[in-house]
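Quick heads-up: structures coming right below.
Below, chain A partners chain B and then partners chain C, in two separate complexes.
For the complex of A and B:
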């Protein structure tokens, strides 16, 4: 089996690197026959952003489709997860809507809060990256061995779960949000500019949250309990990304922190864009911050990945 | 007596287990502080914009948060871990390991409810009681003995209700082994963070009669500031006992359906 797999690898340009990968994880080479598509090999030392990325799109797509089909089978479990994630924003929807009563707080009326939080539920679900939690476990329990041996960058594994997850969660969240919108009567005035600006804001928010969480999760290469940092991140997102209150309502220091730190740009910013809370200057500043933080996150991810994989020694097999 | 002795042994085992992993202590402390910090800051932010919401002030809502954290800690101490082992992810009913639990010569419900303890939840308990203390100071009224007694009665009723509901949700696993009913409850329990008066009417009905979150946190918090009249206290005790009886019946009925799991 090992011979056969290596034979296929020799056709590729990455032979030297993949052989060193073999040595590194030799404890579990038997697994490499599981997945050996005929096309090229993307070795672990290539970052996800290298040029080999394109050649692997076909294999990546197959992985995405497989994961998606698997997830749809277990949908009741994922519906339950989605339900759990919906509850905190829903609580704050009720709290703020009740607090506003007939008046308005910080320019938001009862209906304004309802609209803000219903959009936030959708955005939060779309940008939430649960892969960040599983990547750490994959490294700790040695599951990374088989991922590294695949002729695909492991980032595809995370991406396939992402795509599968989003589809399954949306099957639950969209109908529920629609029903809530019928009951709670949100006030949402959509303009063309806001709607058009919302799409890139959402995409950037997703990418930022994904790569930010991914580099944090990669700390598992060095420390076994790095997921404590992910919990810290979730707490900061809760406070500063517009969940506990729209960032405009945060008191002084917290508001400044929320505008400077990356967390608002993962959730709150797209919501503020769609609900029309921002003027042109705020919109531009927000996009600039999103792009800047995304660049930081991707750079950190690339650095951590290179350094981490070199350090990685297999556990289990 | 024999049961108390067993509980003592369960606790000792849990402590020995925890002492082996010191790093976990610090991580748990971090989690507890994060939970506390986000909860308190959430209230501070809300009440920096409004004086009262439906008659609830910062101090009385803080008392409610204290009750929520205390109840959550007591749950995490033994009810949660024990029932999670039964009905949680890869729980015993799902894997068939429940066979071994059934073979023990003690009452199954007792064993299923008390066997696993998580001593690190004592950190949460300390923080929860701390918040309660701070809230009493904030309320600015002296705590009378009557209020304290009313509070303790309400808290006991709340804990019994919490246990009963968790037991009922866990028992449902006998009918549908793969579904994580306790997670469903976790999601709903978060609503207990805020007074039920803050939710719209239809949701308040659900939170009073189906998943009586109100009995768990709202009534004890009211009792602390002397706002819970005797009828409300008696009512919450009655609710607690009724839920406990129904949950016990459900658990025993479910138990009869258990047919192990083949490998």
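For the complex of A and C:
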């Protein structure tokens, strides 16, 4: 039966969850035993899992693959989304590169600005958590019910969709950025330290942006239009995370705010790391801030999640 | 004695519902001070269900059926009383509990619309960490029972309601739950699809020994599947026992259908039937066939008299249709003794 099914569906057969033939059990031999209750089938490792945030790698990986399967059906939509997200940084790239002209502003030359914004386009795409926007709808329209019935914390759905999404967006963004780099000639001096430091800075930036958005999105358990706060977060990121201008170029109060608030650590900081704008002290302070804000975001997420589900199970979905 | 799979004791659920008068003024006022009313969705109901039982949960809309099911599935926290399913407090939603139950909602879908069901099934198999061999065996079995081989590779969005429901059932049973909560699984389906799903559910219950609680507004579902029914109304348990018993308890009357050789007026028939204040009522009269409603106790005497005094061609004694019985309870809100 499975082989037939596989044959019929050639279109996206390569995306299908691969499954080796030896997993197939020949025929249905004893029908009564096939459908016997599973208590005897449960392995001890299953019953050992009990808390709500268990890691379920099999489930998580399956969700990632599911998201890919769904998205290949709509790839042009996601490419359009990715294109839309590139536009504001591109505009500011041209504004600053033009303003710099032959001179430099705040230490950045024309080529420096091009490099900064091209890296920012990549970092912005990699850290943008579009799944946060759907959490509220899931809660409002009762989708949370089926997620809560599964032996897998719903945050895994969002996380898996994130991981899957990054891959799809990168298929579009990396070639486009590469072409832009060929045309616009960025000035980027990569050092080993900067490159090595960039990787954890990027990972932390993504985690921070994801959990920060997620806890805000969980406010949908209480308020119907909690996603207004996500729009506010996007606005603050635009202003304070190095999009409208590198944070070093922001006027006094805004610059201080950008260093204190979490938003710079979601986008701007990893860009500054890779483009070599930071000295050792700046790097360390940045990482410390990233870790501290991530801890706050995860704590807020955990609190909101528990309180939210408690409320949800009190009022009904 | 076999231990009960589901134990519910004095279970209560009260919702706090915000309320306000219509109009802008009231809307503004409610911004400052919100008023709440308490709605008792479930009031102190108690019952137990043994492993492998197929129980029908019936009651009018808003009776508290779905609320009770949601409490048992772990989606709602009760405001009072106790519930244990296989020893678990459902609302703790421990993963080893969730792995052993399943809830299929007739009006909600857990299938992914854009991809063929086979892909959704595999994701669920992984989430529930079903061993691959067992997964394939269960899937083959369910697909054969539901006769849905041809559906596996088409996107779910192109499915009819009945086809989607088949998928929901497969999705809900892939991990071989011990307890299955079915909330109106036949909602909106045509009669033959309803019948097919009923056959499937009966067969699956027989083969697997799964414990099932089913809610449905289609009495045919309940009659076909549930040897035992629990009736709730306004959140209270009104009846718990065999469906047949409900009809007898509730409807202390029977229907006598008569076909007479030549036409008789209503009065003539009633005169023949009634005696000593025994009550009979003509329910219907058309084409020479008459339906009488008579008290259960007086049925034998009245039947005998009718046969003696009227030129009867055909006579049958029947229980009232279950729909009529249920309707009467829903209207009156109580089960008469």
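One rule holds for everything that comes next: the second predicted complex is superposed on the first by the 257 of 317 C-alpha atoms of A that agree within 3 Å, B and C clash if a C-alpha of one lies under 4 Å from a C-alpha of the other, contacts with A are read in each partner's own complex, and residues count from 1 in each chain.
The rule is simple: a contact is a pair of C-beta atoms (placed from the backbone, for glycine too) under 8 Å apart; a residue touches a chain by one contact, two chains touch by 3 or more.
Just so we're clear, the structure is a prediction, and the values are computed from it rather than from any experiment.
Peer 1: So, A:142: does it touch chain B (first), chain C (second), both, or neither?
Peer 2: So A:142 only meets chain C here.
Peer 1: Counting only touches as set out at the top, which of chain B and chain C does A:152 meet: first, second, both, neither?
Peer 2: A:152: touches chain C, not chain B.
Peer 1: Touching A:225 in the superposition: chain B (first), chain C (second), both, neither?
Peer 2: So A:225 only meets chain B here.
Peer 1: Any idea whether chain B or chain C touches more of chain A?
Peer 2: C
Peer 1: Please work out whether A:244 is in contact with chain B alone, chain C alone, both, or neither, and reply first, second, both or neither.
Peer 2: It touches chain B, and chain C stays clear.
Peer 1: Tell me, which parts of chain A touch chain C in their complex?
Peer 2: Residues 1-2, 4-5, 8-9, 16-17, 19, 23-25, 28, 31-32, 34-39, 41-42, 46-47, 49-52, 54, 56, 58-59, 61-63, 65-66, 69-70, 73-74, 142, 145-146, 148-152, 310, 313-317.
Peer 1: Quick check: in the complex, which residue numbers of chain A touch chain B?
Peer 2: Checking each residue of chain A against chain B gives 76-77, 80-81, 83-84, 86-88, 91-92, 94-96, 98-99, 105-106, 183-184, 225, 228, 231-232, 235, 238-239, 244-245, 249-251, 254.
Peer 1: Show me the residue ranges of chain B that touch chain A in the complex, using the header's touch definition.
Peer 2: Chain B reaches chain A through residues 23-24, 27, 30-31, 34, 37-38, 41-42, 44-46, 48-50, 53-54, 178-180, 183-184, 186-188, 190-191, 193-194, 198-200, 202-203.
Peer 1: Quick check on the complex: what are the chain C residues that touch chain A?
Peer 2: 15-16, 51, 67, 70, 73-77, 91, 93-96, 98-103, 105, 108, 110, 112, 114-116, 118-120, 122-123, 125-129, 131-138, 140-141, 143-144, 149, 152-153, 155, 175-178, 204, 207-210
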